[in-house]
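Below is one structure; the comments refer to it alone.
Each chain gets a letter, A, B and C, in the order it is written, and its residues are counted from 1.
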Amino acid sequence: MRGFVRRSRTILAAVLIAAAALPAASGSAEAAPQRVVSMNLCIDQLAMMLAAPGQLVSVSSLAQNRRLSPMAEQAVAHVPNTGRAEEIYLLRPDLVIAGTYTPQATIAMLHRLGLRVEILPPAEDFDAIRAQITRLGALLERQAAARDLLARFDADLAAARAPSGRGRAALYYANGFTSGPGTLAGSILGAAGYDNIAADHGISATTHLPMELLVMARPDRLITGATWPGQSQGEAILDHPALAGIAPTERQVTDRDWVCGTPFVTRAIRSLR
Amino acid sequence: MVLRLSGLSVTRRRRPVLHGVNLALGSGEFVGLIGPNGAGKSSLMEAALGLIPFTGTSSLAAMPADRRARHATYLPQSREIAWPVSVEDLVALGRIPWPGGGRSGEDRAAIDAAIARMGLEAFRKRTALRLSGGEQNRALIARALAQDTPMLIADEPIAGLDPAQQLACLRLFRDLAAEGRTVLASIHDLGLAARFCTRLVLLSGGHVLADGPADAVLGDDLLRRAFGITVRRVETPDGPAILPV
Amino acid sequence: MRKWSVTLSVLVGALFLASLLTGPAGLPAMDSLRALAFGGDGPIPIVMREIRLPRAILGLAIGAGLGLTGAALQGYLRNPLAEPGLIGISGMAALGAVIAIQTGLSLAAMSALPLAAMAGATAGVALLVALAGPRGGSVTLILAGVAISALAGAGTALVLNLSPNPYAANEIVFWLMGSLADKSMLHVWLALPPMALGAGLILSVRRALDALTLGEAAAQTLGISGTGLRWRLIAGTALVVGPATAVAGAIGFVGLVIPHILRPLVGARPSALLPASALGGAALLLAADVAVRLIVPDRDLKLGVLTAIVGAPLFLHLIWKTRSGGRV
């Protein structure tokens, strides 16, 4: 069964290679990469927004996951990859873009195979998103598209931002984790006008916050992590009666717009209104 | 009758070890069960107590468990003491079948009497496992006495004891019989068995070869058939001494 | 004996109070207790009643259950190395719980969680009794325990890895090491009734376990039914260890350490050791649960880590004594 899936993927890849040859030939800049593979969910999205038709060969399989990716529909048009060096190589890319958390062994193998690999860090705030768009535009030789996207993002962001002082909010995920102001989720919270209670405890990044500290902080608004199919002890904490006790009315769940530093964060900000 | 076995047969690992044994024991008897290794002595006692499956009938095994525990006590050959309990606590285990839970006045009296009879007063609070083998054996017998049953069944009670302990043990059993209790014990020392038991049962190959007073059971012919040996009998003032030759 | 039960009860009471008063929020003791007793507005009653109280109750009950079942299994197998965590009973309970969670059974009915854990524990203890029953020696017991633990651990990891939930795979640590963090009163109501029933069953065979001191045959002639004792012990152990593991994961060594420490103090008689071990187990687990909150307050250090640090050297010591033929 699995062998069949792989074979059919290989066939699909071959068809796409043949199809990709046409638009690539009519590309404008000589130096522009013609066969780009993205290995990271967040890069996937920005790359799909910026790439010329046919330029982006493959995106990570996560990009098709509706729980994680706001661009799941668009991602179907690309070959999904699961991040293994072998399948990346067989796609014959001239540029591979990976994230900071892509396994080192895979990156090293891709280098050994002679591929050009660019590693982009995750964008944890709005400036980083802007920088990421510009950087990716340069890598793809799509500077004009990047400028357009940036302009739209800035306008959306300005429109979505709310004045501060709307109250205190807490982010709470499985296993009792919270995100401080130094994270993307924290930035979204701040842009929506909320003070993050994680800051009261000196938390800047994403880390464990004991539930009783959360209860003692009495947030006005509680935003919890999305729960997944199947069950886990880690997520069971979100059903703890003490949480219902502190934030009975205002409870919101982080969705796919919160996952990545992309222009979709403006939707996440608006969702907090 | 204190114990009646009829047609008692036992099969162990598909091998028959006891063939239709009939035996009746009355009060005041000290019955020595003799016979070579593998004759079925242990199987007979275990089946009589209902510890192993058997066919035929045993008046003891037929009793409900709680009544049986107040009718017969058992000293297994293993002399196991699993935990470092005090002598007093060990002896008190004999009171489990009785309603007092080990704490009633009757229980206390039975425990004290058993400890006194076995001369264990000095060891009362000592940990049984730290005593010598002979002392441990006395503590285990005291445990059986505390059970206060009309019948005592003992599997090789004098095996591994020094001569003084052997004599003390057999004297006790003889005294118990004289008090009207019934004792059934397997014994390998034919001379001691002849001296102390009121009756001997010779077992061989799962059959009762002879049953009666020592003189009748320890005949040359029977012993040759059972053990494949001849013995020399020396009469002494204390009874016959029997030497295998 | 009586003296020790009073001392242990006082210790358990003090540690229960310490458990209630320990937490990252650093609440004033008097305010906390007032909020616990009388409620009121604000977050303190929620912290005390919904977070700390269930944690303290579960620490007490699960510790007591593990101490009790450890002492009972040792008495039945006549082996001081027996312990529900080490010989795979907790592991099998965890496997049952994980299966109930990942198949969605526990979502359909909350009671499926402790029931499945009990089924797992029953399988574990029955397998163990069959393999290393009272006639089996220490080597058989430990080997059977290693095999059952390995099987249960592998099964648990497999089920968790097959889960569609990204958090499930990381839960293996919880199931292997155990934790009381962030358990609610719901867990208390789920676990306590079957555990109380199991404890009652186990305490009902106290005298029978005493009789087993003399060996199986002598115990039977004292009126003890071998099969009756076996089934009560298996059912009692499963009723205690199953729900305990379902809510707190597998916590090892409590049932090993406590009877070993208490045997010289209260006497080796199982009937005296059983209730004392329940108190001792409660004290140990409450102390461990206070300690994990004090050592690394901002992280969820697993309870089994602490109990293993205390218990594993003792386990080695016991194996050494068994090896050299000494009695424990």
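By our rule, a residue touches a chain if its C-beta (ideal position, glycine included) is under 8 Å from a C-beta of that chain, and two chains touch if they have at least 3 such contacts.
A quick map from chain label to UniProt name: A = Cobalamin ABC transporter substrate-binding protein; B = ABC transporter; C = ABC transporter permease.
It should be emphasised that the depicted structure is a prediction, and the values quoted were computed from it without experimental measurement.
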Chain whose Cα centroid lies nearest the overall Cα centroid: C
Chain separated most widely from chain B, comparing mean CA positions: A
Intercentroid distance (Cα basis), chain B paired with chain A, Å: 83
Averaged-CA centre spacing for the pair chain C and chain A, given as whole angstrom: 43
Chain C: positions in contact with at least two other chains: none
Complex interface listing, chain C residues touching chain B: 75, 78, 207, 210-215, 217-218, 220-225, 263, 267-270, 327-328
Chain A to chain C touching residues, read off their complex: 174-176, 207-208, 210-213, 215-218, 228-235, 237, 240-242, 245-246
Footprint of chain A on chain C - complex, ascending: 23-25, 27, 42-44, 46-47, 50-52, 101-102, 104, 106-107, 163-168, 170-171, 174, 181-182, 184-186, 297-300
In the complex with chain C, residue positions of chain B that touch it: 46, 49-51, 65-66, 68-70, 72-76, 78, 80-86, 89-90, 93-94, 96-97, 101, 129, 140, 143, 147
